[in-house]
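Quick one: structure below, then a few questions.
Read from first to last, the chains carry the letters A, B, C, D, E, F, G, H, I, J, K and L; within each, the first residue is number 1.
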């Protein structure tokens, strides 16, 4: 975190395999349109259950990226 | 909430007639530029008062939409 | 709120028509198994959007009822 | 919100008919002693239940008014 | 989240192996008495330490299930 | 807090004599139907006033108990 | 909590002897100018320490009273 | 903070020049009707923007004053 | 805040000289792509330290702007 | 609170007899290594239950002390 | 959690491989100077992103340890 | 924030001249015993009032520093 201006967006990613993978899924998708993603912060961890098993994890993130001049 | 990636934006809508109408106003306006809005969450309900009457309600929302590949 | 012991449960009700109706829906359903419901508190107001319209409201409540001896 | 000084008071209004009416009830009563009410913010929405029906809604508000010199 | 009524219960599960496993442990146990579990939300992640190692993770969840008529 | 699954319920107890007694009142009542209560956490301390005196204290608790297999 | 309008004020009371006494001190003082105090809610419990002993407790309260027409 | 009873009021002050000046503006105005103001706490810092510049800062405060017998 | 629809974005600005300057930095940068910025709200104030001195302040803001039809 | 620098530490004290005693227990222990403790703030009140009785109270505190030059 | 006095410290650990490993990293480091660590609580999960990948996770913890007499 | 372990301490600094100076005061004092301070986060901004003027500002901070091996 140096002296740039950051913009922050909120995203929810999901994954069948776990929390870290849901985070990476959201960041990978965000990277298609946003350059210069620098950090994330987890806001909420949720998930869906089917037949008594966690079917997928959903992780909501704030994602920060530098705004170029 | 299936296994898509969601993006979340924050909006404030207003209405003279009530809280539900202020929610719909924000979502209608968002729909002009965002396809695939799926859900909303109320963050804050406020309003303006004129001459001792509620002049309009203002409802702040998080609005989630699926990001297409 | 007199000197009884209260138990609190959390419920989410939904309605196509509005927030108050979603509250009543949750309380009506809870009343099938719980006697002596006395009060509620809104925790969260959310909803689903279909084709740019609010399809239904979802209101999460704490519901308090007296526990009889 | 221009460059006045605002004072904020907290009130709870109630209504048998709905949330918006409970808000207006609180503001109408406040207007008997406070001039220049400008805005409100909902803090909490609660209510009482009798015989499985919402008997009345109670809405707690912050109400802001300008302080005159 | 369609137009059902949901009931929400709070549980704490634990696991020696990790956070996802502690979540699944709580949901598996809840499934013995609750049918129709649909989603969970993580409230708190804690754990115990023995001899400088994480001995087990404890994850507190809200778990939502549909209430059948 | 070992590696059991805990279930958490929310209760409000009251007492004319003080906060600790209101806590014990809630736990005593809960113990009539719940075995294995292990801990509590205070969520909120409130009370009623009559004629300028605290008439009774009301303490809201989360109460955790182990779920047996 | 019936269908009156309540006004809420915030007070901090203190006591050398304990938390309940600090609550009563605040309510007694408030009762000199406010009629119809009905309830309180504890916001914060703090205190001062002198020579390693709690010198007095300070309890911040919201106090609600009915507004008469 | 000695063993007095404090009353707390909430105010919003504004200033074109900065945050500290907005705080002082609110306290100066409060001092016209309240004697014995002792402390403040910042609740929220907001502001208005005109033509891409901060036009004024708005700072919401809790202000505590001793209540005399 | 009249009856427009607002969109809210989150930004972090930084400055070597102080908090107000960090706010202005974020708003100036946002103004390059967003017309009609109307208000901001401070979410968080942080900073970096180098050699025992504050090297720069970082202020996170919500910034609201009107959405034109 | 004059113009000193304070350092704040977090502690949990416990007591079989009540909340005030748990606070004093934590402060007494802290006083063995910290001089100049000035104030405390209660963060959380919890406890353990054995055989349907509160076995002991656990109170988490922030404790502030002046840092000497 | 028996009747000891606990002290709580706040730490941030990081790891390239995942959240659990970042927790263990912080606890291992804390164990070099603190004996008797008993529990942790996750406060915040963040991370850095480089080239569209999570470069490392950062987990902030409260860590509690018993204070010996 | 690279892959070090950080320890976080909480401090309150004060200043007659303003918020930034109170922050620097706390960090300067902390730097006498802590090497490697890297960042701070403002938790709370308060102050004392004397004769209707802000007598000094008090800013509570979390201060993070790297722990060396």
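Just so we're on the same page, contacts are C-beta pairs under 8 Å (C-beta built on N, C-alpha and C of every residue); 3 or more make two chains touch, one makes a residue touch a chain.
Predicted model only: the values in this text are computed from it and were never measured.
Here the chain-to-chain distance from subunit G to subunit K, counted in touching steps, is 2.
Against reference pair A-B, the listed pairs B-C, G-H or F-G yield one interface repeat, G-H (criterion: more than half of contact pairs the same by residue number). With centres defined as mean CA coordinates, subunit H is found 22 Å away from subunit D. Centroids built from CA atoms put subunit I at 31 Å from subunit D. Inter-chain centre distance (subunit B to subunit F, centres taken as mean C-alpha positions): 38 Å. Contact of a single residue of subunit B with at least two other chains is seen at positions 1, 9, 19, 39, 48. Only residues 18-19, 44-49, 52-54, 57 of subunit J touch subunit F when the two sit together in their complex. On subunit L, the positions that touch subunit J within their shared complex are 9-16, 25-26, 29-30, 46, 48, 56, 58, 60.
Within the complex, the subunit H residues that touch subunit L are 19-20, 23-24, 27-28, 31, 37-42, 63. Listed in rising order, the residues of subunit B touching subunit A in the complex are 1-9, 62, 64, 67, 69.
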